[in-house]
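Here it is, the structure in full.
In order of appearance the chains are A, B, C and D, and numbering begins at 1 in each one.
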Amino acid sequence: MPSHDTSARDLAPEELAALRADFPILTRTVRNGNPLVYLDSGATSHKPVAVLDAERDFYTRLNSAVHRGAHQLSEEGTEAYEDARARIGRFVGAPAQEIVFTKNATESLNLAAYAFSNAPLGSRLRLGPGDEVLITEMEHHANLVPWQELCRRTGATLRWVPVTDEGRLDLDALPALLTERTKVFAFTHASNVLGTVNPVRRLADAGHAVGATVVLDACQSVPHLPVDVADLGVDLLAFSGHKMLGPMGIGVLWGRSGLLEEMPAFLTGGSMIETVRMEGSTYAAPPQRFEAGVPVAAQAVGLAAAVDYLERIGMDRVTAHEHALTERLLAGLAERSWVRVVGPTDLEDRGGTVAFVVEGVHAHDVGQVLDDSGVAVRVGHHCAWPLHRRFGIAATTRATLAVYTTPDEIDTMLTALDRVPEVFGLAS
Amino acid sequence: MPSHDTSARDLAPEELAALRADFPILTRTVRNGNPLVYLDSGATSHKPVAVLDAERDFYTRLNSAVHRGAHQLSEEGTEAYEDARARIGRFVGAPAQEIVFTKNATESLNLAAYAFSNAPLGSRLRLGPGDEVLITEMEHHANLVPWQELCRRTGATLRWVPVTDEGRLDLDALPALLTERTKVFAFTHASNVLGTVNPVRRLADAGHAVGATVVLDACQSVPHLPVDVADLGVDLLAFSGHKMLGPMGIGVLWGRSGLLEEMPAFLTGGSMIETVRMEGSTYAAPPQRFEAGVPVAAQAVGLAAAVDYLERIGMDRVTAHEHALTERLLAGLAERSWVRVVGPTDLEDRGGTVAFVVEGVHAHDVGQVLDDSGVAVRVGHHCAWPLHRRFGIAATTRATLAVYTTPDEIDTMLTALDRVPEVFGLAS
Amino acid sequence: MDLYQELILEHSKRPRRAGLREPFDAEVHHVNPTCGDEVTLRIRLAGDVVEDVSYDSLGCSISIASASILAEQVTGRPLTEALRTTESMRAMLTSKGADPGDEDIVGDGVALAGVAKYPARVKCALLGWMAFTDALNQAGAEIPKESHV
Amino acid sequence: MDLYQELILEHSKRPRRAGLREPFDAEVHHVNPTCGDEVTLRIRLAGDVVEDVSYDSLGCSISIASASILAEQVTGRPLTEALRTTESMRAMLTSKGADPGDEDIVGDGVALAGVAKYPARVKCALLGWMAFTDALNQAGAEIPKESHV
């Protein structure tokens, strides 16, 4: 993880206990009456009561079609919605008008990708044959398939930065790949499999040097690291609410105002128009241009409550906490010779996502044994199939941490993991 | 409204009172301490506690990335999500696998429209110059702008069925407009301004007779009428959860399986793939093909609870209740010579959406006076600007009813309306 | 209803200086996408002075009254004064009710102070003023940097 | 863990009739998109009899064991019997635990009955059987209408 976090204090046991009381699901028991040990926050995080209450409060006090009414409910609802936008913007260092609400990061990234085919012929943004889109081999399908589809629609060519055996981007390969033909350079901030945190600023600068638009998938960073869009130097940035203690059904696309301004509409309909005639329509300025339909105001308010919650803890401390847990987990796995971590095993530029294989046992079976002890991890390719193929494996077992994860949970998982060689009769 | 509803019993006062207790927001006061009289359910409906509880229950017991995990939480979450799909499907007479979850009707309609430009060249679905898309002059922008954009992308031509002075589709004009060039015929089931309920079956059959794909905007029918996709005879049908007592952030696209099967992917990313390689990907069968990203499971479960709620009342009775209220409202408006209803003034094939103008007073001002008495209506063009232009007006005042609306609320609105001539000094 | 002061109803019924006149240096057309209200506005400058503001306004009483007040307040005034008035109106209207408006600067505009408490109507009251600023820009008038209009 | 019966581990470690053999009438390739598991499966028919099922399976113990049991149960059997076994397996696996399976029909397949309680794993156990049905279709075998496979 970035070095500026190391000074922040880890969460004290009492603090952590108090915080966990805000997440009712953590008291649930699962298989065989075991307490739930949830190590799948990278797929979706749990939500504190404050977030659930904020949504419910919207529905029971302000429920209305925001930006579409002049009555008091709609006025108050609109204010709550726009206030949420401003707070979420501040959280990533962006002015409100650069925050576009979508349904999830996947929609955000598709919105970005479609811009390069919906832009009128002759526009700077419009791609065509000869143009290239550069991604990386470690992308989540959400930052991979939309670019394949863009290339299919436009005749542009997709290229990718390879990944090293250590699970880092192969930066030596970059100069040959990033050329004046590269119109879009899209990559992830933190890998949802390897845990690798990429050198965003350096990559963004390299992208800009050749005139590319730089798109960042920040799904696995915004929930875990302090993120400031100005520092990162990218042009577009996507994340999901549900992975950062917020509700399902809301995502964000941040964009530099100049760029958003240039981007064509994607989903069209109500609330995103300027004028509509049967013969043709004109569209509103961003962010409204990209928010067709009755806005997801309850979810926006819920996400703003999540952001408040994280800010009250302090993102530096969230990072420090997860850093300590990651260290504990990697150390525990290192002690088990039959486990191989896929991704960096050092803590440098690395987040709390740890994928591994147990030699000779399929990830599904590993996960099942853990589940039997109440430990919820994810198994499979984690929507990063090409990355798994790169490492010659079909599936990994992945533990992902969040602010509410405890050291004891890491230990429980490690102990549960020791049943794997037993059950499958490996010499351990 | 359709004649088959007339036998159903209206809601008795005690029933209505009991039902209203399920909607906490209805006890709210607004301007000047007036009780809220919410006549803007056409924009978004309120949500009963059962819906809020269902969502919260998901978050506090089953929260997980459904279809993405093998642990118990994800298994139970997935079951809840797929069970919701089945219940929502049953509500409109469709098998689960024909129900696609989107974020709202706007996304559903865009998904439909993009299919006709994303389909590969040579496919039956792919539009090009010479092809036509037929819509109507009474469409909501959500069923209008996406088709304009489709035509822009493909070179196809947009045509529209005009509206008569009475606010009905001009069916005499249909034969000249619906030809073998028409590849898509998209229209609304119930107008969100006029209240008109269109003869769907007849229009769908006419569309099919020329080989067009028939798309129905059912946003304003599914919440208010019994809807059965088989009876309607259309190919695709879109609606939003938030207008039918459900949460924000979820919509539905229903499609005939054969057609969904043919349709290309729209939003791409995780969960919608079959295989992914850097060189290219293949996609899952519907409905998964159209649900990229971590599914909105909490919202699906909430919407299923809304459907249960409506079914417990019975959609025939919902219709009967709203029918009686519409009659009362239209009668009250007819008594006021300074009010002109825009749309059918008889009750035949008409829902509980009533738009009107007060001669000489702008809708914004009418709405403000109503708001001052606690009556929430919508003012403006209601995302149907061309329709307003057709009637030579910039804006209307619109009251829309729901199952929780009371006769007293209609009376309160009518009384509040009488202040308009006073305030603006009209001779009334 | 404090929103509909006599003065506003007065202006909306008999808008001052309404209609589109020649000659003009710039014409702009602005719409309010939520309600479809529209204003077409022309300005004529004579050196540093706003010689004429003429307009055709389709909208609610607030937007028509506001355009009428605008025309009354800025016509015949030096550009700097007109801009000061515009800035004061904007500040008052977006103050959520905190700024009651300065009658010496905005004249009848103070009657619109109540609009600030109705966020959905602020756009109505601002429509004419935004069109005016836009028209000044298009006419190439020099708008001092400090102005936030 | 009742999921991992001895018999299953046994089959998954030493899958019966594994590998791809010639000659064959049809070859299919099926994947489980959630975990990336894959099976390539070939069938060889001799009249009404399944003469050979050969396969290459990349997956978890459940999917490999299931393929192994499939090969064991259907090889050398008349098509109708093989289809009955397939249908019984499908019914058992999708029963959520209600159907314990009939050993007379599915043989070692009963060891997979526990999988039905783990919905996310049902697909693993079905993978081979779905591939088998698909292969039969591709080979042009006549599958009676009543079969829901």
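We adopt the following convention: contacts are C-beta pairs under 8 Å (C-beta built on N, C-alpha and C of every residue); 3 or more make two chains touch, one makes a residue touch a chain.
Composition by chain, UniProt nomenclature: A, B = Cysteine desulfurase; C, D = Iron-sulfur cluster assembly scaffold protein.
Bear in mind the structure is a predicted one, so any value in this text is a computation, not a measurement.
Trainee: Give the chain pair, either A-D or B-D, that is connected by more C-beta contacts.
Mentor: By the number of C-beta pairs in contact, the winner is A-D.
Trainee: Between chain B and chain D, tell me the centre distance in angstrom, where each centre is the average of that chain's C-alpha atoms.
Mentor: Result: the chain centres lie 45 Å from each other.
Trainee: Just the number, please: Cα centre separation of chain B and chain C in whole Å.
Mentor: Comparing mean C-alpha positions, chain C is 38 Å from chain B.
Trainee: Taking the mean of the C-alpha atoms as each chain's centre, how many Å separate chain C from chain D?
Mentor: About 77 Å, centre to centre.
Trainee: Chain B: which residues touch two or more other chains?
Mentor: 68-71, 74, 273, 275, 364, 368, 379-380, 385, in rising order.
Trainee: Note the residues in chain C that touch 2 or more other chains, in rising order.
Mentor: 34, 118, 121
Trainee: Please categorise the chain-chain contact pattern as a line, ring, star, complete graph or other.
Mentor: other
Trainee: Can you identify all of the chain pairs that touch?
Mentor: Pairs satisfying the touch definition: A-B, A-C, A-D, B-C, B-D.
Trainee: State the interface residues of chain D toward chain B in the complex, per the touch definition above.
Mentor: 31, 33-34, 118-121
Trainee: Sort out for me which residues of chain D touch chain A in the complex.
Mentor: 1, 3-4, 9, 13, 34-38, 58-62, 118, 121, 124
Trainee: Touching residues of chain A toward chain D in the complex: what are they?
Mentor: 361-365, 368-369, 372, 379-381, 385, 388, 394-395, 423-425
Trainee: Tell me, which parts of chain A touch chain B in their complex?
Mentor: On the chain A side, the touching residues are 24-25, 28, 30-31, 36, 38, 40, 43-44, 46-47, 52, 55-56, 59-61, 63-65, 68-74, 103-107, 109-110, 118, 137, 140-146, 148-149, 153, 158, 160, 240, 242, 247-250, 265, 267-271, 273, 275-278, 280-281, 292-299, 364, 367-368, 370-371, 375-380, 383, 385-386, 389.
Trainee: Quick one: in the complex, what on chain A touches chain C?
Mentor: Going by the criterion above, the answer is residues 67-71, 74-75, 78-79, 273-275, 284.
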